[in-house]
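Several structures are given next for inspection.
Next, two complexes with subunit A in common: one pairs it with subunit B, the other with subunit C.
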Partner chain A sequence: MKKYLKLVNFEFNRVVKLFIVLLGITLVVQVAGVIIKSKDYLNMANEKINEDLIPKAQFLTDYGQFSFLHIIRSLWFVGPIALCAAGVAFYIFLIWYRDWVGKNIFVYRLLMLPTTRFNIFFAKISNILIMTLGLVAFQLILLPLEAMVLKWMVPDEFRNDMGIEEMITSIPELNIIIPSSFVELILYYGAGLMAVSILFTAILMERSFKWKGIIAGVIYSAIAVIVFISPVLLQEFVLNSYFYPMELFVIEIVMAVIVLAASVWMSGFLLKKKVTV
Partner chain B sequence: MIEVKEVEKKFGRKKILKDVSFTANKGEITCLIGINGVGKTTLLNAIMALTPINNGEILIDGEPVKEKTFEKISLIPDALTMIPNMTIEEAMEFMNDFYTSWNRERAEELLGFFRLNKNDRISSLSKGNTAKVNLLLGLALDVDYVLMDEPFSGIDMFSREEIANVFTSHLIENRGVIITTHEVNDIEHLIDKVVLLDDGMVTKEFDAEKAREDDGMSVIDVMREVYQG
Partner chain C sequence: MKKYWKCTAIIAVIVFSIGTFYVNSAISADQNPEFVMKTESGDAKEIEPLVLEGNYQGDSSMNYVSKSLKITEDGTDYTNRSFLDRLIGSPTPVIKELQDEYHGFMRGKTPAVSLFFENNQRLAYANVEYKIGDNSLKTRDYTFDISLLNKEDGSTDSFTMKIPDGEELDHIFVEDVQIVDGELNIITENTVRNSDNIFNEKHVYTIDIENQEVKNHEAIHAPKGQENSQSEIQLIESEMSTTAHEKLLLLKTDRKIINDSESTRAEEINRELISYNLKTKDKGKISGDLNLNENEISSFDGSTVYLTKVDGQEHVITPFHLEDRQIGTAFRFQLSDKPNIKEPPMIRIKDGKLYATSQRMNSKIDGNVIVADLKTGETLYKGKLGIKDAEDEKDDYDLYINDMFVK
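Moving on to the complex of A and B:
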């Protein structure tokens, strides 16, 4: 356990610069987005009211009040989130491959550590989770901050204030990364963890068997996905909605646990018996 | 004792190791000699469970390699296995964090022995100093066995001398050492046992001292006899 935690810490230190860059980009771009979008709206209001001489009430009826929705639906807000998601997705591969490439092949050292090789797998997957949760937590901190910037920028009568929960539920993508209930959090992040574990297994297959491993990895991933969605497929096409939704839901959770456990076991087996430097 | 028994290793269809067997004892320097590409590095990697074998068995003190084995055997590969942007000190800290067999005092002693600066970044080291850091990381572990892969390869004369001095020092004493090389000259007089490899097979295994005393032959003489006829 101690060595696992040390490995997690060590792995996190290796990604901390990328992590800070992603946080920085998110902060700068989203806050800039709030300022620019607010200014655009105020400029438009100014133009309509002072130059086109439309009464303020008429303007508000025609164009509506400015709310955080205008920002959330813009590229200024969604762009950094997409970038962070792409960054994490890229890092899922990089976290393994960087240990094999270059002049100094660090995988030698990792595999020669006097600890179970499962810990290498767990430390790497934990880091993906920490990175993801860290980025989401940062977004949660940013939201009220950005709402505050919007309040400073746009006068009361032009503004429709939204609560944080309202902001999150306003676009489905945001609701997935910041679920509104604990159960949803477990489900979404559990599914994410399962997907990452499947990818890790596929990567380790490639590292163990080279090009044959790529084929094995693709087949393994396909089988894992089919196993996971098989209850839904059966329900739809064979069983004619035999299960109640709640039953199907429980079966899906069991399937996810099976796929996750199989991926962890397979990755551990590959790391112990098949992987090559 | 390190026992390599009938080990076979294939890369695709190509057999790199064919039925390789030999033993290496604690307190002795065993030298694996063979030209490049003969399977020396693969053999060391296989002993450390860094690459799977297709057949055969490798035992360290009668047991197959498991996680705890890495507290009693260390591999010094021909390339450094630490992250380039680490300093030597950070690399030493890393070792101290993960290995109970890490001997801080010996590490400091080796720093002095090799005249290395612990604040130097690994990526900025010359080839000779990289090899020395590699030796430091492997030898500062209180392990019974040390495997060294081509420690003299491609480094300057003075660094070679310093590294060769390690073999006559207390840093090696009482340990079992397996060293691979295709340049025997630097350590010929220090070798206890020789395993000649050719085309993935052991062509001869002999006691260097015995060959010197009984047959009046140096290691190079025996090699000449085996390889040239």
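Moving on to the complex of A and C:
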């Protein structure tokens, strides 16, 4: 356990720079977005009211109040989130391949560690999870701050305040990243964990068998996906909705656990017996 | 520990931030007001079987966020809150009861009340299955998918059969299922395409359960295509239930199509009620002083049709007994002091009892609930929809009742 924690900490220290950069970009771009969007709106209001001489009440009914919705739907807000997602996706591969590049091949030392090699796998996958949840947590902290900035920028009568929950449920993309219930959070990120474990296995296959490994990895991923969705396919095409939704749900969870376990076992096997430096 | 500070810090932030968010959202979920039916007079027992389904729109900034809820005697249940609720879906109470009682039989059955029939001996299900053509989107190979449960010995009998003349159909769907004299009757709406015109016809397929074959197939109504008229027929289903009735009731509406230079519109010229006896296969127009131009048909319980109309401030419910073709004593009621003509009350009639509720309530409009015995004309229950705790009272909200069930 202690060895595992050491490894997690070690891996985290290696990614912390990238992580901080992503946080920084998110903070700067989103807050800038809030300021720019609010300014745009206020400028427009100013123009309409003071130059086109539209009464204030008329302006508000025509153009509506300014709310966080305007910001959330803009590239200023969604852009950094997409960037972070891409960053994490990229790092899923980099977390392995960086160990194989350079003069002093790092993985050599990693594999020589006096600990079970399962720990290397667990430490890496834990890091992906920590990074992802860290970004989500940061976004959750940012949202109220951004709402506050908006409050400073836009006067009361032009503003329509929203709660954090309303912001999140207002666009479906955000609702996937931050689901509205804790059960869903577990399920979504659990599914993500399973997907990452499949990818890790495929990467390790490539590292073990090179070109042949790529094919093996693709085949493994395909089988894993098919196994995972097989209950749904059977339900739809063969069994004529035999299962009640709740039963199907439980079966799916069991399938996910099976796929996850198989991936972990397979990765451990590859790390112990097959991986080449 | 000092060595691990970065990692520890980030995990602490994650737990704190995500934890706070979900704790807060759990707390704010409780802030939705609890609606109850407050008894004003009568016996609160009368509303025990009543389930009101609706939407609540809060006074939050974005009014489009509406939450669906169920109001019963016990209070309010906000549905769709939890992920698992959404996953399981919310079948209507009738279907839910059937699923609980006949768990195995109900597997793989489309959860629509009209597809089921239940009496003391049997539970029957019929639906249409079809394939989508290989190289066109045209559906084909229509078959009936039938399942019968014998309640006494628990045996299930399932079979499929080709629908006669299925090739000519454009589409078909089941509107009602009835067992009369040991024969299964499937009432369907068939869509038939005839060159350019599309017609909706009502058909009855009588199926011999023993031999698993179609014994009789009859079109109750098949409108003839005419240049400038249109005839529509609508099955008046008895209350959302699976109970037996020998007679079908259909409302036929004839419309004249008027071609103006600029537009085409349809004008209603005639409405009539047609009854169809599943036992004798007799079809006939129901004569009698139904006054269908004024009255709306709001309910049918197998033997009595209930007609409703608005008369000034009051709502008038007139029963019409099919057996002796007699109009019964009209029941008049006033749901609230300021009736809302735009949104008429929602009405359900079950076992001779009338259940009526307003479709909308807010801080200005009262929501009322009435239960009355239509036979005696006595009001059994009178109540108001309201927020349970006075401190939760809000200025700006709307509660819409979209549906009403009597269990």
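Just so we're on the same page, the second predicted complex is superposed on the first by the 277 of 277 C-alpha atoms of A that agree within 3 Å, B and C clash if a C-alpha of one lies under 4 Å from a C-alpha of the other, contacts with A are read in each partner's own complex, and residues count from 1 in each chain.
Here is the rule we go by: a contact is a pair of C-beta atoms (placed from the backbone, for glycine too) under 8 Å apart; a residue touches a chain by one contact, two chains touch by 3 or more.
Computed from a predicted model, the values in this text were never measured in an experiment.
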Partner chain in contact with A:K3 - subunit B first, subunit C second, else both or neither: first
Touched partner set for A:Y242, first subunit B, second subunit C, both or neither: second
Subunit B or subunit C, by number of subunit A residues touched: C
A:R14 touches, of subunit B and subunit C: first, second, both or neither? first
Contacts of A:Y108 with subunit B and subunit C, given as first, second, both or neither: first
Touched partner set for A:L69, first subunit B, second subunit C, both or neither: second
For the subunit C and subunit A complex, residues of the former touching the latter: 3-4, 6-7, 10-11, 13-14, 16-18, 20-22, 24-25, 28, 60-62, 65, 81-84, 87-89, 99, 107-108
Residue ranges of subunit A in contact with subunit C within the complex: 5, 8-9, 12-13, 16, 67, 69, 130, 133-134, 136-138, 140-141, 160-166, 169-170, 178-185, 187, 239-246, 249
Complex contact set, residues of subunit B against subunit A: 45, 48-52, 67-71, 74-75, 77, 79-84, 94, 97-101, 122
Subunit B partner contacts - residues on subunit A that touch it in the complex: 3, 6, 10, 14, 102-109, 111-117, 272-277
